[in-house]
Structure formats: C-alpha cells, structure tokens
Amino acid sequence: MRSALISGLFALAVFGPITGLVLDGYDFKAHPTRPFILATLVLAGSFVFNIIRGLGPQLSVGMTKRPQLKLSRPQQRSLLAGLLGLAIVLPFIGQSWITSLNFALIYVLLGLGLNIVVGLAGLLDLGFVAFYAVGAYGYALGNHYLGLGFWGAIPFAAVTAGIMGAILGFPVLRMHGDYLAIVTLGFGEIIHLVLVNWVDFTGGPSGMEAPPPTLFGMEFNAWSMTGAPLFHEVLGIEFDPSYGKSFIYFSLLAFVIGACYFCIRLKASPWGRAWEALKEDEIACRSLGINHVTVKLSAFSLGAMIGGVAGVFFAGIQELVNPDSFTFFESAIILAIVVLGGMGSIPGVILAAITLRMLPEVLRDFQEYRILIFGVLMVAMMIWRPSGLVKTKRKSYAKLEV
Amino acid sequence: MDDILKVDSLGVSFGGIRALDQVSFEVAKGSVTAIIGPNGAGKTTVFNCLTGFYKASDGRIQFQDKNRTHSIEIILGQPFTLQDFVNPISFGRKLFYKMFGGSHQVAALGISRTFQNIRLFKDMTAIENLLVAQHRSLNKNILANLFNTRSFRDSEAQAIKKAKEWLAIVGLTADADRLAGELPYGHQRRLEIARAMCTDAKLICLDEPAAGLNHNETKDLSNLISRLRTNHNVTVCVIEHDMSLVMEVSDHIIVLDHGNVIARGTPTEIRNNPVVLKAYLGEE
Amino acid sequence: MDQGVLTIDHINASYGPIQALHGVSLTIKEGEIVSLIGSNGAGKSTLLMSIFGNPRAQGGKVRLFGEDITSLPTHQIAKKGIALVPEGRHIFPKMTVEENLKMGTIVNQGKYEAEGLAHVYETFPRLKERKDQRAGTLSGGEQQMLAIGRALMSRPKILLLDEPSLGLAPIIVKDIFRILKEISATGTTIFLVEQNASQALKIAHRGYVLVNGKVKLKGNSADLLNDPQVKEAYLG
Amino acid sequence: ESKTIKIAVAGPHTGPYAAFGEQMLKGAEKAAQNINKAGGVLGKTLEIVKVDDECKPMGAVNAANEIVSKYKANAVVGHFCSASTIPASKTYMSHNVIMVTPASTNPKVTERKLPNVLRMCGRDDQQGQVAARFISQDLKAKTVAIVHDKTTYGRGLADAMKESLSKVAPMVKEALFEGITRGDKDFNTLVTKIKAKQADVVYFGGLHSEAGPLLKQMRQQGLKAHFVSGDGIVSNDFVTAAGGSQFVDGVYVTFGRDPLKYDTTKNVVASFKQDGYKPEGYTLYAYASVEAIVAAMQSTKSTKGVALANWLKTNGSNTIMGPKKWDKLGDLTKSDYVIYRWDDKGNYNEI
Amino acid sequence: MDLYTIGQQLINGLVLGSTYGLIAVGYTMVYGIIGMINFAHGEIYMISAYLTAICLAVLTWMGITWIPITILLVLFGTIIFTSIYGFVIERVAYKPLRGSSRLTPLISAIGMSLILQNYVMVSQGARNQAVPTLIEGAITIGSEQHYLRITYVQLGMIVVSFLAMALLTFIIGKTSLGRACRATQQDMMMARLLGINTDNIISSVFVIGSIMAAIAGLLITFNYGSFDFYIGFKAGVKAFTAAVLGGIGSLPGAMLGGIILGMSEGLFSGFVNSDYKDVFAFSLLVVFLIFRPSGLLGRPEVEKV
C-alpha cells in the first residue's frame, strides 16, 4: 500500500512538468489534469501489482515454473512442416500483410546474420546495419554502374559484404566488449555518412533506384519501362501488384530457409564450437592452439554475408535505397532481435524478428503512440524474459554413435 | 635422455618487479618435472612464458620436437633490428610472426597447459570442451560442412571418438553431456587436463592441479599423471604446493624463489635441501 | 542447548532446480573454532554463502547473535560483525592491494583502518611489498593472502573461511593455521571450511562432516580425527 | 463498397518532422469538413485517414501499402519529405490511386513521369531560380556561401540555387558549398570559415531547426552577411529557434505567395482561428490538394487515379489558393515564389 | 588563413568539445560503475533540456526576471526533476535485469530511450523548441576586423565542465562512496558481502549521472537555444564515443575524449569540409583505438593468466 503510494508520488514528479506544462514558443500551456491521470494510473497499477505479489507463494510458484515445451523428434518434424505450410499459404490469405511479412523475413535474415556475430561468437556489433547497407547499395550501384541484375547482385553483394566484414574485423581483433561495440558503431556511422555525403556516386540523401527482382527476365510491373516481358502478359492473366510481392515473398522464404539451414549446420561445426569457446574464454582458446584471428574474422564475414543478402532483397522491395534506412536505430533493432531471441537460438531469432518487425505494424492504429508502446513492450519483454524467448538446446554429442 | 625443453636465463619484469631473473633449466623428454616454490616466486610466470602468454624480456626457450628446434621467443614475434632490413628472409620471418604469431602458435607446436584458476568453457558441455581442443585438426571447410560430405562426417566422428576416449581416461564418461561449469571442482580439474591432452600435446604444463582436492582425490590425480606419461607419451611439467603429490610423481624438481632457481634435483635431494626447507617448507 | 553465536536450523538451499543443502543444522558458540569438512560438491561453500542469503536459506532459520537473519539482505547481514573469506577469493582486481584491504573496513566506516593495515602487513609481509600493485595481477597465493587479510580488517566477531589454505605454500599454510588460533584466542569465533581436513580438525574445537548436502557426522574434533569413517574418507 | 470516399494524409506524424505532418493533416481535415458540410463528394462523405511514414523511405512504402490495401483509400494527399514521396508514389501508381503532394518540392517527384502524381507546390529549381535572381540582382552579392542540411530537400534546394546562380550571375563567387548534419546545433566552425572567406550572403537549404542556431551563431560571431533561405524555415518556430526576434531581423526567404493573404482564404483562416489553430506552412496547401482531388472526382465521376490526374492536368482546378494549372509532368505551370523579409518583431512580409 | 581564424576555430572546437565532455562525464560515470552502456543517458539530457525551458517559462510567467536568480532557480528545478527521472528509470528498466547477461540491459536501455523520446514527443509535441537568449555578451579580443570571440555562456560551459569533472573525480577516487562504487562495479556479490548496499549505490550513481546530464542540459540549452526531442540520441552517441575515446570509466578521460572529439570535428569542418566531419571523427576513433585499445586514459585490462 505504502509502496504504491510512493510510486504514485514519484509518477507525479516524473510526469508533472513534462506532461503538465507544454512549451509553446517561449511560453507554456498548462494541462494540469494530465499528470494526475497518469499518476493515478501508476498508483492503481502498482497497487494491483502489490496485491498480486502479496497473494502468496502459491501464485508465484505457478508463475516461476514456466511450462517447458519438450517435443519429440517426429513432433518437431510435424511442427516444422506445419509452420512451413503456414508460411506458404500465408500470402494467399493475408494479401494486405505481405509487404510487412517481406520486411519481417528480411529482418529474420539480418537477425540470423548478426546472430552469428553476437549470439554465437559473442562479438558485440552495434554497426551491423553497415553490411545491410553494403548489400542494398551493392545492388543499387551495381545495377546503375554495371548493369547487374537482382539475382546476379546476390552473390556480388554477399561477397562484398563478406570482405567488408573481414576488413572491419581486422582492426578490432584486439578490442574487447564495449570498445568493440563503439568501433562497430563508428563503422556503421561511417558507412552511413559516406552514403549521405558522396552524392556523385551514391546519389546522396535522395538515394538510388533499384529495379525489383525478375523471374526468368519477366517483370512484375503493370507496364514495362525497359521493354522486358511482363509476367502477367506472358501468362495471359490480369495484372495484380500482389504477384510481384508474392514472388519476392517466396524467394525470400527460400533464402531464409537456406540461411537457417546454414546457421544450424554452422552452429554444430568446428567453427560454431570455436566461436562459442572464444566467446567464453579467449585465453583458454589460445592455449588450445585456436587462432582467434581467423575465428573472429570468419564470424564477422559470414554474418556480414547474410546481412548483405538481406540488403539486396531490401533494395529489391523498396526499389529505392536511401541512407535513412541504414541508421543506428536499425542496428539496435537487429541487436534487440538477437538478444530477445535468446542469443544464439535460431528459432528464437525467427520468433523475435517477426515479433519486433510486425509489432510496429500491428500498433499502427495507435498512431503517434506507436513507437512509445513499442519501447514499453521492448523493456517489458526484456524484464519478462531476460535471457530471451527461446533457450538454446545443446546438441548431445555423447549420444552420437561413432 | 633428450631434453624436450631448454630454458636459458629467462627474465621477466612487471614494472619495477623482477618476477623472473636468470632462470635456466631443462626438461627431459618423457619425464615429470615439478616446479615448486613459495607464493609469488614466479612459477606461474614461467609457465606463461613457456606457453607464450607472456613475452620474456630476455632469455631463450627452446622446444625440441622430432629433431627440430623451435624458439618460443621467435614465434611470439621479435622487434625488428637494423640487420633485418638488409636480410629479407629474416625480415619476412619476423614480419610473419609479428602478424600471425602468438600463443596459439606455441600451442600448435605441442605445448599445452592448464590454468591455476580453472578456465574451462563453462557453458559448454564436457565433451564439447574436448572437441574445441581438437579444432586445429578438424575439417573446417564450410562448404564441406554445409553439404555434410563424407570427409566432414569422418572428421567429426573421429573427433568425438577421441573425446570419448579421453573422458574415459579421466573418468568422466558419465558427465559427458553436462555443462563444464556445473561439475564439481575435482572433475573440472580432470576435465581441463583431458582438454589439454586433446590438442595432441607433447609437453603438458599443469598449474596446481591438486588445489582444492582432498586427500583421496589427490591420490587419483597422481595416478592420472603417471598414466599420462607412461601410456600417452607426454612430458609433464607440474606446479604444485601439495608435497605429497610432488614427491610421488616427479622425477625432477626445480625450486624457485623470488624469480631465481634456488635448487634442483631429485625428490630425495630436494626433501633434504636445507635452503628449500627454510624458504618453502618451513621446517627447521 | 545454549544459544550459539551462529545457529543454523534445518535450512535448505538450491541453485534453480538443483538442491544443494538438505535440512542442515549446526551451532557455533562464542570463541569456538568449528571446522566443516566434506568432499567436493558436498555443499560446504553453499552453506557459508547461504548464511549471507546467497542463495537464500529456505525452510529453516539462520540466527546470528540470537537475531533471525534468514531474510535480511546480504549487505545488512554483513554489518552485523560477520566476515567471510569466500571461495574463489573475490578480490577487487582493478584496485590496489591497499585499497582492497581498506574495503574490508567499509562496514564500520573505516574504523580500525590503520591498525588493521599494520596487522595485516605484519602477518603477510608480501602484501606490504605489493601494496600499490593492482590486485588482479597478484599471484594466486598472494591473492589468497589478500582475501584473508581483507576479512580480518573489519575485526569481525565471527569469521567464516572457505578453504583459506587453497593455493598457499606449505610454509604459509602453517602460518594461517597459527594465526587462526591467535585470533580465536582474542575471542573471535571461527567457522572454517577446509579440504585439508587433518590440519583443520587439529586446530578446531569441534567439527561437522557434510555429505551430499546433509550433516553426516558431528562432534569434538579429537573424536572426529579418530573416527574410522572420517579417516578413510578425508584423512587418507 | 465503402460508404465514404477516403483520402489518406500520408506524412510524418511521428518523429522529428511531425510538426509538418500536423500542418498537412489540419488542412486536409478542414477541407473535408467544409466539403462534407457542402454535401460531400459523389454522394458520399469524405473521410480523412492519417498514415504515418516517419519521413523514411521504408516507412513510406509501408504506409503506402497500408493506404492501398488496408484503408483502400481513393486518393492520397502527401507525402511531405521528397525522400518518402518518391518511393511511395510507385505503389500508388500500381494501384491506380492519385497522389497530390502539397510539399515535396524535389524535381524527381514528378520527373519519374508517373501518371498519377501531381504537386500543389513549386519545385526546388523554381525556388532556387527566384533566390538566385534576388541574391545577385537585389542583394548584389559578390561572394555567396551555400549551406544545406544534406537531406533530399535541403540539398536539392541548394543545388538548384547554385545552378541558377551560375547561370544568372556567373561572376558571383562561391565561398563554399557544404552540408551540415540534421540535428546538429553547433555551427560555429562553419560560421568562422564563412567569415574568413568574407561571404556577403549565406544561402541555406534546410529547415528552421538548423537555420535558427546557424543564424544565431553567425550574429553572435559578428558575421553580418545576409541570410537567405527557402520555404523550409517559414514557421514561427524559426524565430524561437534563433533565440529571439532580434536575430531574425533582415532574413530573406523564398516562399509561395502567402496563402493567408489570398482573399479566398479568409473564411477558412478565420474558422481555423476559431479552433485555436494558426494555419501555418503547408496547412492550406493540403487544403487545396483535397479541393483539387474532390473537383476532379466530381467532374469525372470516378476515383481512378490516372483519370483524375489527367483531368486535372487538362482542366486545372480552382482552389482556395486560386486557380491552379498543371503541366504534363504534374508540376504547377505557374510558380508563385516570392521573397519575404523578416523584421525585428519576428514577422515576415512579402517584398 | 590568418591567425585569428585559427584561434577562433580552436575556441569553437573547445566549446563543442566541452558539450560532449559534459554529457560524457555523466555517461562514463554510469558506464564505469555498472558496466552497462546506458543509451538512455542521452535521453535524460534531452529531458533536462525540456525541463530547463519549462522552468524558465514558468519563472517568466511568475514574473521572476532577475537573471542570476532565474538561472539558479532553473538549475535547481532541472536538477531535481532530472534526477528523479534518473532514479525512476534505473528502478523500472534496469534493476529487474540485474544479474542477467550484459546485453539485456543494453536492449532495455534502447527501449527506454525510445520510450523517453516518444513520451516527450507525444506530450510536448514534435516541434522544435527553444529558449530565449538570456545572457548575450561576449569577450572579444582583437581589432574591429580581426578578433577572437567567446560568449559568456560558452566560457561558463567550459569552466563548469572542468569543475564538474574534477568534483566527480574526487568523489570517485577519494570518498568512501567512490570506493563503494568501484567495488560494486568490479564484484557486486563481494561488495554486498562487505556490507555495501549495492542497490543504493547504483541508484546514487544514476542520480549523480542525471545531475550531470541536468547541468549539461541547462548549459547547452542556454548556449544553443534550440532543441527537440531528438537531440538526446545524437548527444548520446557522441558522448559514448568521447567516453570510449578517453577510456571507459575514467572521468578525466571522458572530458579529454570529449574535447578531442569536439576539437577534431571542429577543426576538420573548419579547415577541410563539414560534410565529412563526423566521418573524420569516427575514423579517428577507430584508428586511435587500434593503437590504444583501451582509450586515452583507460588502463589496459590486464588479465592475469
């Protein structure tokens, strides 16, 4: 009771000036009721919270013991098949969601990429967006200057991003923890700023156009600006903008599944184990003859490659790349995906990417409160599940027959 | 008998503290050599130099393996001298080690170690700890892994087999899938030894392996050390304060005090050495 | 049974799903040295830490000087005249040796700081030589000395030690046991956890044997030293 | 079949540019209110939906998709930032929805030749031309420093001005052409540099949040050069951002003829005032955009985007801001940019 | 380029640097004690800018216009409310995460910073806000044509930032509060075992950090006049950079890092090109950290093997 009152008072002090007195030029307008309403809400909330907590151990026991989802092999298989089936029929059910889904899938890719760097190798990278940008601009610039097509751009961007990853990786080898964080953040900012400033090459703040992907050379447009054959004309059906989006969706889905497989294989490979070991104890690794340079660089490069591919898709969907899409905020969201997913867990990354990317879309009805609520949910999720949504399960090597 | 390791007038300073001064000794191939001495004498520092974690300020460490002699100080990278700029070969070699050298290269030679404060990968299982130790000899081709080729599968199977063998040797088969950090202290000590052995070590350095073990566990440990030597062909260096263990397993003892070698010899010689008694054992 | 300085009454303690202590009870009387022995993983360290509420003792009660401290926060327990040399030393690596020692007196606002320093430096001359070195760079044994020294700084009425001899040279180990007896003679109560069972029991008045989180045996140390079971399992 | 005709107001309703989103929304809402009072359109009432694009390309594409798929809006008034108008316009085209932007002045918006796109404002090159002529002919500048905020808008404007200037007055020297970063507040080094280069005019392409501090720091360092800028700073916030009206005295801006001054706007402005809102910046542009769209719908009896756009391009439309005509690209045929001058009371007047 | 221009550019760099330093000091304080990148620190600074303007507006409305009193009262009000913010944020968003992985509070901080930004935007509106120019004069050295100039507010900023740094350095290094802070950072469990109430220590660190943010917010707002709800992010990143450049956890380092960052940015934009000034600053940071991986005044992490 008393603690509820105290939190109410604190709420009043916190909300008082900012919500109660609104600046207007050099003057202000008073909204005296707003802080009181908010403080009352907080008071009531903390009162209810205290009651729930006071209800005794029987309730809290039920809350601390989380239901554990343990699935047998065939159950896992059927769950996977079910999810895949759902993913395939999804665009036919919810046309209006498909663009959001495409972005969600891009974030799954980004999450998987960063997961290698942060989740598996434990290298705190706050500038992952740089590789995303390299991929996206790789396509846009490659298309503009070299006439590269979408499908050709994917390997091109992946390799470029991988090399960039190694270039970034090299100087930061000696750095640990937060120093690494700031250097990667700086690297991300540098890339962003170069994209903004080098107008002659990158188009500067207005960005650069990138054509959408084609299927065997067929475009998905209502009419062709380049003279290429059109999908709906070739098939003799009526034009619908959703064809193009569905096509991107399925291509992306294929890439996401491929990336998942890649990550799962990597995780249980010598590299995956070395990353994890290096994350825990670099000195012990060196005493075992593991070259921390190659191990770290491989993590940076492989992560960057996946990020690069995601960038190409982003450019293909947007049909325009622009430096604004590659800011620190983006890096932060990708990092949040990895952490919320449970650091290293692949299903976790997928779940978190879809949650975090779809959330703002779902919250669109809240208008300007959208990002505010998004932030609240982000904090709440971290408090609710500090170690992530999905806990990684270890592979049992001892049970393997050899 | 050949010497696998020759340490010649090693010196290390930390700021104003001279941690090692003119330390010289040899380790015979296939022997168990113990390094003892009071706290802060410089024992761990010697190990750190041998395994490449510290760069000695002077002196030489030579590791003999199959008729080849490797100098640890060269592997760790040396400063360039004027002469290097006229001699491209030595310049190239120095540059190579400057860029790629380091303690991991020393480990690759076949010197491995355990740590005074256990440094297992605590959030990995016991068997994974042993697999990581074999990293160097595994098939690391990412494409081979992706397509799960024959050679990749073989390499993994081989590694798991070896890991299981070592778990059996140190008596941890039952704990294979448990997290290393959860294991009781004594088990962790043994796991760390197994991990060091999985690197195909020729010389293994154990830093206070019996610390925190009770009497019976110490007995098991000394058994294990003897077996390492006889069955697995490694040379053992061990730092230990537990005299019963030292006297039982070692062929040769080196006593350090204040960064100097104050005595060396067989266990019986050391036991009766008045200097050692006074400085270390505290018996009159 | 008369009131002890520290009484532990049927406590359980667990790390998540793993229960490490099962209904442990023991009593320590004023001025006593009591030893606790047991093999690896028996729960000795857990017992010491649960006196400080970490992990928190459950089911039973912990009383210090007659006061129930079972649910007090750790830092308040520490203010009641009890000090601990924890397992793993836990020195502050980036502080100098002297700063580490001074941290020991933070409970009583720096009282006895000068005398304490003088006393610790006298006991461990090595620490005096290294007083401005960063504690993290000390050798293993030096760190152990520092951890013991820090606990002595606050002049606790009751001192808990978790394997104080770990990593120390034989000559220092002897010193440690001697010092413990000296401190005990000045009226400090001592609760000692040791792997070096024979030495520990030799200086102790009484002893407890912990097996798998339960008290298996207790009694005068002389009796325990002669107990065949104890001999077989812990003295060798 | 929906009972209302929906017009989406797409723009920054959150984020640092949200003030402009509000201007557009207020204007469009007022227009809808008045049109509904007068009987609606095609027998239905007009409904305004507000969609946020955060002024980001990605946000814009999401917003556009939401507008066409979720709200199934029949027309779009927006977006604000050229950087989001450009990518979004294509989505509207493939759904055959008309888009009228009241504020995106970047030439690229219409030069992509999308048949559904019109604008209710001028183009940066028109604005730049007016500014260049004023700087060279009226201010008789010898050395000009050009500063922009590196955004599509700010840089576009600065580029346009620079280009016109080199055409109309090639002898004017360019002291520097540099970008500042949006959100920065410290421009002292730039000011010192301008001072050292002895520029007599500073031209700024950007928004008031940077223009204010830049101007203040110029005056504090004692740099007396003229300050000339574009429509992005036309807001009372510019005066407060500059630290008081004493600093804005003598600042020149190019802006469309003040819509508040048109006779046609009097009633609307009064009704805004009744709501306690002062129509600023793009408010009336958004109002006029809604009017034009509705006029086209009434005449063509259709909501098909290309049809509406074509009708407007051939017939023009009468709006609150006077009669408007569009060329083939969808740009206004007549640019109405004029020069305003700020006085020491913090008011601006056409000169 | 004449000497006056060069001198003026140095002053400009110093002024900019001291704004970074002011925020970085509070940043590094929190950062050094609980080892967490508090991305919300920039937002606390942003809140304090709003509070400054609100306090000023309220005082003007009440008719208090004598400048010294106004400034003192504004400072007082801003500090009080900002530190309540700091306290509450720690209790709500970070305390429940104690003991979990290092990255969890980082994400929570990012969430918190979104909350604060949007909370201010929703309640205060998205437009740019400003305060009137209270103190005008400046010190000018030189002739009519060529002179060096520094305004009184700028001078105040430089002086206060050095004073604040010195004071905090003293608190951390010499007082028992400082020692308790360092103990908490290095080994929280052990600090508790020695009788330190670590929760209170962490709260007080947040409060001190917020007070610093409040002072920074006030001075910077008075200097530049204009602000919006978005300034915190940029300031946060720059302060973070400055703190790292100077060596994490070192207060003089944060100040020095801020000055170096500001100077290099200022001089680069003053003499080369302002387009690339941030690129230059970040590249400088990267290159610098390659050669000194633990910052200017940060002591290298020696880990004894």
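Each chain gets a letter, A, B, C, D and E, in the order it is written, and its residues are counted from 1.
Assume a residue touches a chain if its C-beta (ideal position, glycine included) is under 8 Å from a C-beta of that chain, and two chains touch if they have at least 3 such contacts.
In UniProt terms the chains read A = Amino acid/amide ABC transporter membrane protein 2, HAAT family; B = Amino acid/amide ABC transporter ATP-binding protein 1, HAAT family; C = Amino acid/amide ABC transporter ATP-binding protein 2, HAAT family; E = Amino acid/amide ABC transporter membrane protein 1, HAAT family.
For clarity, every value in this text was computed on a predicted model and none was experimentally measured.
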**Complete:** Hopping only between chains that touch, the fewest steps from subunit B to subunit E number 1
**Prompt:** Measuring centre to centre, with centres taken as mean CA positions, what chain is farthest from subunit B?
**Reply:** D
**Complete:** With centres defined as the mean of Cα atoms, the chain at greatest distance from subunit A is chain C
**Which two chains share the largest set of C-beta contact pairs** = A-E
**Request:** Return the distance between the CA-based centres of subunit A and subunit B, expressed in whole Å.
**Result:** 43
**Fill in**
Rounded to the nearest Å, the gap separating the Cα centres of subunit D and subunit E is 36
**Request:** Indicate the whole-number Å distance between the mean C-alpha point of subunit A and the mean C-alpha point of subunit C.
**Result:** 49
**Request:** Could you tell me which residues belong to subunit E and also touch two or more other chains?
**Result:** 118, 121, 125, 129-132, 233, 275, 278, 303, 305
**Item:** Multi-chain contact sites of subunit B, meaning residues that touch two or more partners
**Value:** 44, 53, 115
**Prompt:** Of all the residues in subunit C, which ones touch at least 2 other chains?
**Reply:** 137-138
**Item:** Chain-to-chain touches, reported pairwise for every pair that qualifies
**Value:** A-B, A-D, A-E, B-C, B-E, C-E, D-E
**Message:** Per the contact definition, I'd like the list of subunit D residues that touch subunit A in the complex.
**Reply:** 13-14, 18, 50, 52, 55-58, 61-62, 65-66, 69-70, 82-83, 86-87, 90-91, 93-95, 106, 108, 150-152, 155-156, 179, 236, 240
**Prompt:** Which positions of subunit E touch subunit A when the two form their complex?
**Reply:** 31, 37, 39, 47, 50-51, 53-58, 60-61, 81, 84-85, 87-88, 92-93, 96-97, 100-108, 110-115, 117-125, 129-132, 233, 237, 240-241, 244, 248, 275-276, 278-279, 282-283, 285-286, 289-290, 293-295, 301, 303, 305
**Complete:** The subunit B residues in contact with subunit C across the complex are 14, 17, 37-40, 44, 116-117, 182, 184-187, 208, 211-217, 219, 241, 243, 279-282
**Message:** For the complex, give me every residue of subunit B touching subunit E.
**Reply:** 44, 48, 53-54, 115
**Message:** Quick check on the complex: what are the subunit A residues that touch subunit E?
**Reply:** 10, 13-14, 16-19, 21-23, 25-28, 34, 118, 124, 171, 174-179, 181-183, 185-187, 189-190, 193-194, 197, 283, 328, 332, 335-336, 339-340, 343, 368-369, 371-372, 374-379, 382-383, 386-387
